[in-house]
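Read from first to last, the chains carry the letters A, B, C and D; within each, the first residue is number 1.
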Amino acid sequence: MTDLKKLHQAILDGNAKASAEETAHALVAGVDPMTIIEGTMIPAMDEVGRLFECQDYFVPELLLSGRAMKAAMQLLRPLLAKSGAQPVGRVVIGTVKGDLHDIGKNLVASMLEGGGFDVTDLGTDVSPDRFVAAIGEKNADIVCLSALLTVTMPAMKTTIEALERAGVRNKVRVLIGGAPVTLQYAREIGADGYGENANAAVALARELGKGTLRP
Amino acid sequence: MTDLKKLHQAILDGNAKASAEETAHALVAGVDPMTIIEGTMIPAMDEVGRLFECQDYFVPELLLSGRAMKAAMQLLRPLLAKSGAQPVGRVVIGTVKGDLHDIGKNLVASMLEGGGFDVTDLGTDVSPDRFVAAIGEKNADIVCLSALLTVTMPAMKTTIEALERAGVRNKVRVLIGGAPVTLQYAREIGADGYGENANAAVALARELGKGTLRP
Amino acid sequence: MSLAIGSLSEFLFGHAPRPVSCGRGLELGKGTVIPEINFTLPAMDIDEATWPEVRRLYAEMIEGVCKRAAELEAPGLLVEFETLPAMTIRPEWGREIVEILATCLHGYYEKHGLKNALRVTPNDTRDFLSPSHMRDGQYWEAMAQLFEMSAAAGADLLSIESTGGKEVCDEALRFGDLRQTIFGLAILGARDMEFLWKHLVGVCSKANIVPAGDSACAFGNTAMVLADQKFIPRVLAAVIRVASVPRSLVAYRMGAAGPSKDCAYEGPYLKAIAGVPISMEGRSSACAHLTHVGNIAQAVCDAWSNESVQQVRLLSAYAPIVSLEQLVYDCRLMNTAAAGSREDAIRLRDWLVESDAALDPQAWVLRPDVVLRIAERIATEPTPYLQTRVAARCAIEEIASAHREGRLRVSPQEIRWIAKIEREVAQLPGQESEFIDEMLATPVAEKFLPGEYGIESVASR
Amino acid sequence: MSLAIGSLSEFLFGHAPRPVSCGRGLELGKGTVIPEINFTLPAMDIDEATWPEVRRLYAEMIEGVCKRAAELEAPGLLVEFETLPAMTIRPEWGREIVEILATCLHGYYEKHGLKNALRVTPNDTRDFLSPSHMRDGQYWEAMAQLFEMSAAAGADLLSIESTGGKEVCDEALRFGDLRQTIFGLAILGARDMEFLWKHLVGVCSKANIVPAGDSACAFGNTAMVLADQKFIPRVLAAVIRVASVPRSLVAYRMGAAGPSKDCAYEGPYLKAIAGVPISMEGRSSACAHLTHVGNIAQAVCDAWSNESVQQVRLLSAYAPIVSLEQLVYDCRLMNTAAAGSREDAIRLRDWLVESDAALDPQAWVLRPDVVLRIAERIATEPTPYLQTRVAARCAIEEIASAHREGRLRVSPQEIRWIAKIEREVAQLPGQESEFIDEMLATPVAEKFLPGEYGIESVASR
């Protein structure tokens, strides 16, 4: 059990190397993979989330803990039954056509991943067609559009129209965000939700997953 | 002729009493009414307009000259043939429902009158129905709507809709203005024109009268 | 009556002879200048259908400004809620918004220690009837109700921008008629203020909250906006500003305590005479009114405000948050300068003054030295009418002499207005009753109901 | 290399050792602070269909701000036109707007004597390809063309906010990785700046206009915005700001003359070292970025800017006019104080400084005294990399000691970051080539094309 405390700490510290090592030790010592995950790793990530929420941790710490968690999972995944944990949902995310701002979008993507979503990041300057294609390929539930320029905001509308034309609009929930975007705008273009920041994005994606829409 | 110079000066000074007196003198001296109007009064008012344009005169001076002109006209009108000067157009103006700001609207109304329009001022807080009724009664060509509050701007749209419902929308040109109003908004609600200030309002009303619309 | 502020060196931002404590730990005039923020709806209808959205928007606005005020460690925050007509006519609506705002403010005080207070300013709807009913009728009833409801729902201060006399001033301004303007301000306005503020002070003292102040906005600011559009001369607007002082003073005589309203640019006079803390706005409120007194208006303020800004999105954030941030930095500068020494505060004050004063007569009449000189003359007169008469006279004298001495620039077209105004002022009767009788004999009398201002008696005398 | 500014008492707003004359009678750094206004489109598409409307909007914006600047008798007006991507990718569009703006500015100079100049800042579109092509390809070609076309169409100054090195910094910022950030700034950024500014200075000297300056906006301001959202620590953002100085300095070494870009908050360092006039923004640009350096950013500026604001309607006027008015009043205050005496200018400067400095490390590193100390150390190093290394080290030292002495507050969560940054800085190699080799061996190398920065040779060494 002492070893698992070290794993806990390694995740909190965002130390991927130590995290993998401690996981390996535990496995060698015969600890059940599900015990490692549920007894140690998930509580550790919950703790990280809490520290971030109360603004004790910053994003770098959050991301590094995420990496440490991933490093451990890499060892555990092959040992878990195929029927194991399903992702909470499948998300396709990108910055719309004409826009290269991606820092906010990347944060949203990371947080969604941290929140258990399976995230496909299409990058920046993504055309409506590429969104349509990716939804098909990835069988996505949620599409996240980001825009930081007032002159690329209209591309959000164009993208939603393309989803309609392609007949996939009602298969997905569309979530939008970025500094100039507002709830009013989301309503105007018929998006399903608007998130003010990355935390809101995760909460919202969860809500949408449950089929409950924002007003 | 010396007397008509005095009349000219009385109008420039905005002195209604002197203006009426000098007109009476001229009539007694046998000057033809049309000569008084075309030879003296109209040039005087043109001069006033010019002084206002180049910001030498202020609105009070403009309005007082208008009053002086009116005082003279009161003596002349009965002597003119019925077939005399037609108004440039018939305008119905008012501040929309819920809004009491009327200083701007009043200025626009005065300037339109000065510009030769026949103006019916419905006052403030004017409901769409009252606009519709007045258009019928006055056989108006142009309707001017004013709004100063962001929360009464939408009443401009409602008013235009009421004109449509009443079947009078294509009989009139709708001109809108007031501090929060923009050209974009005018386009959005299907108004025929937007005027930034009272001078623009007159120019625009003239243009609309000619059947030429703004972009 | 002697001035509350005896000398130029005591006439400072942040310090008022009669400080005010209000809300949750907020103090005005006790040494620190506080930001006052005001915000309003974007272009939209207010009706049953949109009401939930209206509520949401106010909640969003107050949360946004409080959050940023806490992040920037504002020394305190005064929030003003000016109702829109629909919220006064249906006071239950106004009350709901007051509650939303108060709840958020309480939360920020408790969680973040943000000292704050809520000023509620129902808008004066009495002129929805024409001629206006000032003391009865549905509009007065609803407005009076909103005052009480606001006090109960969490308002810490009550204000109004009352419009008594506006019926005659609107026309007077258009015609540049100073005499008629003074009738609206000093005869009608002052009487209405007496009635209204007696009532308001009563409401406040029952609820144990602060009766703050009124603004001659419907007169002074209308003139200012008209002058900015070059429709009336700036010299006239400047004289009207000073002539509005006695009307606004009535509130304090009736028991109001300040802070005055931000848009009452006559504030420095109110502070000099009544000693109350004042709220002012200037370049900070360019979002609401463009102005030629952007810096000088700040010189002796106790709260510093943005007047009002809509909830529209700018590149960084919503406009009210942007305004709040700018106010906080302005206050930081003033408070830092003042923390040095009184001399430093005076220096900053004087730079604010000198940077505007010479360029516009409207700025000139806000010079602290000019204010003290004219205020002293106002304070010696017994009635609002006589105070207004002397205020107008002193104002045009100060402008004329500053112009003569080359210290103030007056544009060539305006110069003939100086003489015109001097003439008009000289012709104002020495007796109030004479003035009233005279005005009641003109068409002006058709514009208002004398009874609503309690003046039949005088007229029928 | 010794500093252009030798002592704290010469480090003032409005005065720069190497003033710049540009446009129509405009002088920067010669004693008067000038407003610099920037504006942009509201939410809309830019395409063939909307292009006439885009043109109309720019004409409306420039007319609005010029008119108000003339009314307020601004001491001069610098207008910045930052292109939007569509206007750089299709440079003919950018040129059309330049022409519209220049025509209006010429008119206001002739009719109203408004001294003015037009700064054109094509936006850096080279990262539309990933990995970016920095020195060839369609994006570079179009951008290069726009510079020439702008110069011909009426630009008086050229600027850019170049993004060389951003490919690696974006990720580095997210992970709070100072080492990788410094690689992006000092190795990639500095090399790109050398290439770019050589080109730009050439364009300008052919056209006889002013090569103004660049901004480390993509690095420093991204960090600032992330810190404001509490995503990364403020101490880190402060260090990154100072670490961006050597990169931005390259432009001046290559012949740029200033004024620096408003959003380059590293400006005071550029002024201290290169002596060029600087444009700054702070509370005045809250419309574009919220900030924790609202006052201190103003302390030694030569132009004072709003960064950028959309053409949205506020209650008084369009937002650009509102921003312009606020800038003019801010400049009036500075110029009035400075008209008194040098001591007065220093006083105002110091209040601006003291009002912010203690509250945030990002403000602390903009203190004029801190700037001079660190600038001196930067100036003694021979290469951008070594300059950056020392800049980062000095910045964290200054922050740590100010914190220890209780002069600067650092929030509890950030304290552990001070040690972390000190460690990271200490580990930076003394040899540039060593650093490059090391970084090229990490996954970072996949993010950019070394050849685009002219560094194959080093790597293959």
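The rule is simple: a contact is a pair of C-beta atoms (placed from the backbone, for glycine too) under 8 Å apart; a residue touches a chain by one contact, two chains touch by 3 or more.
Bear in mind the structure is a predicted one, so any value in this text is a computation, not a measurement.
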Shared chain contacts [subunit B and subunit C, defined touch]: D
By mean C-alpha coordinates, which chain is most distant from subunit C? A
Taking the mean of the CA coordinates per chain, how far is subunit C from subunit D in Å? 40
Take the average of all CA coordinates in subunit A, do the same for subunit C, and state the distance between these two points in whole angstrom. 51
Whole-Å separation of chain centres (CA-atom averages), subunit A against subunit B: 63
Subunit C residues touching 2+ other chains are 40, 310, 313, 315-316
Can you pull out the residues of subunit A that are in contact with at least two other chains? 150, 180
Specify the contact topology among the chains shown, as one of line, ring, star, complete or other. other
Pairs of chains found to touch, sorted by chain label: A-C, A-D, B-C, B-D, C-D
Contact set on subunit D toward subunit B in their complex: 313, 315-316
Considering the complex alone, what residue numbers of subunit A touch subunit C? 150, 179-180, 182
Residue ranges of subunit A in contact with subunit D within the complex: 55-61, 63-64, 98-100, 102-103, 106-107, 110, 123-125, 149-151, 153-155, 180, 185, 197
The residues of subunit C that touch subunit D in their complex are 40, 68, 72-73, 282-284, 286-292, 294-295, 308-310, 312-317, 319, 321-322, 325-326, 328-330, 332-333, 335-337, 340, 344, 347-348, 351-352, 354-356, 359
What residues on subunit D touch subunit A, complex-wise? 40-46, 84-86, 127-128, 130, 170, 173-177, 222, 226, 229-233, 310, 413
